[in-house]
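Consider the two complexes below, in which chain A is the common component and chain B and chain C are the respective partners.
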Partner chain A sequence: MKKIYILCIEDEPEVLEAIERDMGVLEDSFPLETAENTTEARQVIAEILEQGDHIGLILCDHVMPGENGVDLLVELNKQEKTRASRKVLVTGQAGLDATIQAVNEAELSHYVAKPWDPEKLIAAAKLLLTEYILETGLDPKPYMEVLDGARLLKAIHEKGLISDS
Partner chain B sequence: MKLNKQTIALLLGLIGLVAPLLMPLEGLNFAGQITLGIFLMAAVFWLLEPIPIFATSVVVILLQVFFLSGQGLLGDYLGQIEGYSPQSFRDFYGTLASPIIILFLGGFCLAAASVKYGLDRNLTRWLLRPFGTRSQYVCLGLMVATATLSAFMSNTATTAMMITVVIPIIAQLDKADPFRKVVALCIPFAANIGGIATPIGTPPNAIALAALREQGIEITFSTWMMVAVPLVAVMLLVAWRLLLWIFPPATERFEVKFEGTLDKSPAAIGAYCVFGLTVLLWVTEALHGISSTVIAFIPIALLPALSVLDKSDIRGFSWEVLWLVAGGISLGLSLEQTGLAAWLVDLVSWGALSGFMLFAVFGAVGFGLALFISNTVAATILVPLAVGLGVSGAAGADFNMTILILVIAVTVSFPMVLPISTPPNAIAMSTGIIQTKDMARSGLIIGLCGFGVTLAFGVFYFPFFF
Partner chain C sequence: MQSERTPRQGGEFESRGGRGNPGRLEALVAKLRDLNKSTVCFEADQMVLEEGERNEFVYVILEGEVAMLKRGDRGSVMEVDHFGPGDLLGLTSFWTKQPSFLASRALTQVRCLRIEANDMERLVHRDPGFGRTIHQLFISNLSNRYRRMIGLNVRVAELSQALKDEHQQLKAAMSELEETRNQLVHKEKLATLGQLLAGIAHEINNPCAALSHGVTRLREGLVSAFTSGKNAEMLHDEAQMLLAGLDAPYRSADEKRSRMEELLERYPRMKRSLARRLARLDESVFARLELEEKGTAGPRQIESIEARIEFYEIGAYLRSVDLSSERIQKLVQSLKNYNKPDQEAWENCDLGEELRDTLVVLNNRLKHYDLVVDMEPVPPFRGIGSELNQVWTNLLVNATQATEPGGRIEVKLRASGKWIEVTIADSGSGIDPAFFEKIFELNFTTKKTKTDFGLGLGLSIAKEIVEKHGGRIHAENGPLGGAVFTVRLPS
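Take a look at the complex of A and B:
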């Protein structure tokens, strides 16, 4: 079965650790990959896609050494295989311009201001991964218990997301 | 190349495809050998799923068109085989629009219209009303409503709708109350059982009907219902009592509220009328004599014409189910026509088995297969063998092919032991209310009862009709 990854790009080790801890509840269903900068992120993304797996959710910091996060998100939004990936900016320092760019050009799905409330972050991640599955039409059966079950059930009833076999 | 599970499955399938061509198989002509290869490959792919099951079905049609049709690569060569004439590629393509596929497409149109205008929810509301608020009768009501809807709609979509409504209500019950489990299990079980009730209830029915049509046996919609509805009714009652026995409820009263009112917009009225008309004409087939497969085109044409269904609704149909069924029908054509089915059947000496034992053997294999793989695929593999038994005359004089095929079609709907057994089971598991062992225990007992009841019906009740 193809896996759906969560990718986290963050240069500060303590912050990365906090996100890893919060996303741990989804780990069984959605493996987490991390990167410290955009260059490493591109490598990780290429590796995941090469295996034929999916990237469902990208949590990205803005201010990092080298290229900034919003530019990477804009680029990923232009690429076929990462367009549907839900993109989240996790930052304390993105200015208005960068944020506007992220919304308009990267179709940002969600904005998380540091410091965040873990429960809200997990809820957002579940919602965004549900949207990803609905948009891509992937088999929702393995994820129904962890994600937004009500929304998936609605899609099964109304859109035939799963059919009889 | 990495040797993962998918690659191994693909390789095994390809070995299955080629192997029968490399060994001499006595009594089987070259076309039969090719068909055996396609059959083995399809069986491996359907079992191990290196590619989606509906994709395997269309690959089957591709291989048939290229290697078994008179117009394919081997057309001239196949034409020289004594006593055999290859089929036209049109026959294989034709399965994609066979009358049975059109019947299902008609069903899809009705289901889409009723979901779009909430007819299914309103029907559930009305169906539940007479059952009051005593918890055990509410449970029976839920089962009757689920089974009724799933007889005309997809079992999976019906389960999703019922679960959506019911889960918030059972969430309010005491966590230790076994009634929660009863409710969460009665819905998928009733959906699986309800699919048996009509020809369009679930895809395995299509495989059986198509195979029978090929043999010149046409079963009307009303005959199917007369045969199947009593069985469904018995099994709903059995499942209901067994669930209450396995998980004795603590709650005395339980109320299910379906919100909403009847949509009275012109499009919705159109949907109700077409739905009512089509179902009425289907169940009265014996009176007017117009085939249900002909009537099925009424909703296909009228619902878009009345703007009840639009472009996006049509795109949303489960087309892959039709591909799955068409591939199954197409494979069945070659199995019979090349003599492979009869040849396979001859490998076993069936003469020693009574009619009842044949039902039991085929039913048991169907039940076992459908536990783990798609019910439709289980029927696809077994129904042609039943046809082979009938055609070759290997089974003795008292053998009734029609009933055997019906027994297969019905029993493959009963395995509901595991979450993977059927999509409705998977949906029920995702609620988190039941554990796999709850489903396995109750599903196994009820499934085996279903198997037993089907055998009894096959011996004592079906012969009144066939």
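Take a look at the complex of A and C:
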């Protein structure tokens, strides 16, 4: 079965570990990958796509060495295989301009201000992954328990995906 | 002499030479009986002529003073001329038959000849001498008025030029004032910002000191609570896990990824979430868990492993809190160093000495590098020492961040012609040519991991300070493979 990955990009080790811990609760349904900069992120994305897996959710810092997160998100939004991926900006210092660019050009799905509330972050991640599955038409059945089951079930009924058992 | 009156000022334009000779007029009056009866008198303040009314007479003033009045556009009445003996009143209106252009009012008791149009013709016809005299009087009177008018025009032109000059000067003064005001406002803003920054730094510093202190005591407390009176072998496994967590090593995302892959290969049935937690552990702690080969672990063993990892993680959280509070403290310190408004004084700086001071201050960073210092004597430079130190600090910190420990950092000081040149070169990763333009911009950063600046302010601050001192800062990639920053200050 094709896996749906969550990717976290953050250059501060302590902050990356914090996001990693929060997103870790979804790990057994959605494998997690982390990257410390945009170059590493591109490698990780390429590897995931090469395996034929999906990237459902990208949580990205804004200010990072060399290239900023918004530029990466804009680039990913232009690529077919990452276009539908839900994109979240996690930032403590993105200005209005960068945020506008992220919303307009990267079709930003969500904005998380640092420091964040773990419960809200997890809730947002679940919502965004539910949307991703519905939009891409992937089989929602394995995710009924961990995500928004009611919404996924409704989709199953509408599409006639329900099995005979 | 024509009259007892104080002569009017105004030089050539005020020549009164044309004014009729009252003596001759008196003689005329005496000679011509008819005219004698035409003599009229006006009391002081009495109107002789009204503005805008028809006038049938011409008046020749024999005695007294008359003010000529004109009503302005806004209804005010102003005195435009002043007539005395020998002057003619009503000349234009009498001659042109137009309504009187001016009003005239007696200032003193006035005696004058009042000649009617018919009388005029009759008299001129009867006595050619009278005609000549009266015509001379008319012409000299008119030419006199004309001269005065030209004089007034010249005066008006002069005044308006003077007014224009003054206006120009006023404008220049205004714009100078505005410039000064803008500079003051700018300075005031910066000063306010500085005070604000100092205030915020102070406010952050206090809770941060408490945080740091608390974490240190907590750490010490935990260690002593677990270890007092015991040696390491006697400690509970949980305690050992927790103490190990307090020194959890940092693992990069890449390291963790490959360790996870390794684990998942060795234990194919292991959940990714567990593999991630195990990947975080350092080798000795991992060994303590004594995982069975080939992943035959049952749910019970997994549960116990997870519980033990949890103790390690508690330790690791504490370490993370400790590291983070340390970073806040460093950040606050660099904010404070940057903002020293009291020390902002222009002085003669010995750049060599200040560079050496900066190297000493940064010793703990620089000791990991092959540092080459090559300084020639340079003339004293007039500047703000503390600010220039900020420039050297930022450039050197950048060099250490861009260069792996063991790499080379070169600091050079030269006097070359009109410039004093400071060069800081490193053997690090260099600058991506795509970023040459951007590196001096606000919020641009290439920081890797642990930094106490990292706000993307360093180079933009350096540039601002160098330019304030009339200098230039320039970046390129040099022979060492890394970046070369050159600061030129005018000597």
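Keep in mind that, in the parts below, the second predicted complex is superposed on the first by the 159 of 165 C-alpha atoms of A that agree within 3 Å, B and C clash if a C-alpha of one lies under 4 Å from a C-alpha of the other, contacts with A are read in each partner's own complex, and residues count from 1 in each chain.
Here is the rule we go by: a residue touches a chain if its C-beta (ideal position, glycine included) is under 8 Å from a C-beta of that chain, and two chains touch if they have at least 3 such contacts.
Source: prediction; values computed, not measured.
In the superposed pair of complexes, A:24 makes contact with chain C only, with no contact to chain B. The larger set of touched chain A residues comes from C, when the choice is between chain B and chain C. In the superposition on chain A, no contact is made by A:72 with either chain B or chain C. Once chain A of one complex is fitted onto chain A of the other, the partner contacts of A:144 are limited to chain B, with no touch recorded for chain C.
After overlaying the two complexes on the shared chain, residue contacts for A:63 are found with chain C alone; chain B is out of touch.
Residues 250, 252-254, 256-257, 271-273, 276-277, 320, 323-324, 432, 435, 443, 445-450, 456 of chain C are the ones that touch chain A when the two sit in their complex. For chain A in complex with chain C, the residues that touch the partner chain are 11-14, 16-18, 20, 24-25, 27-28, 31-36, 40, 44, 63-66, 93.
Residue ranges of chain A in contact with chain B, taken from their complex: 141, 144-145, 149-150, 153-154, 156-160, 162-165. For chain B in complex with chain A, the touching residues are 53, 115-116, 154-157, 160-161, 163-164, 195, 202-203, 316-318, 320-321, 324, 374-377, 422-423, 426-427, 429-432.
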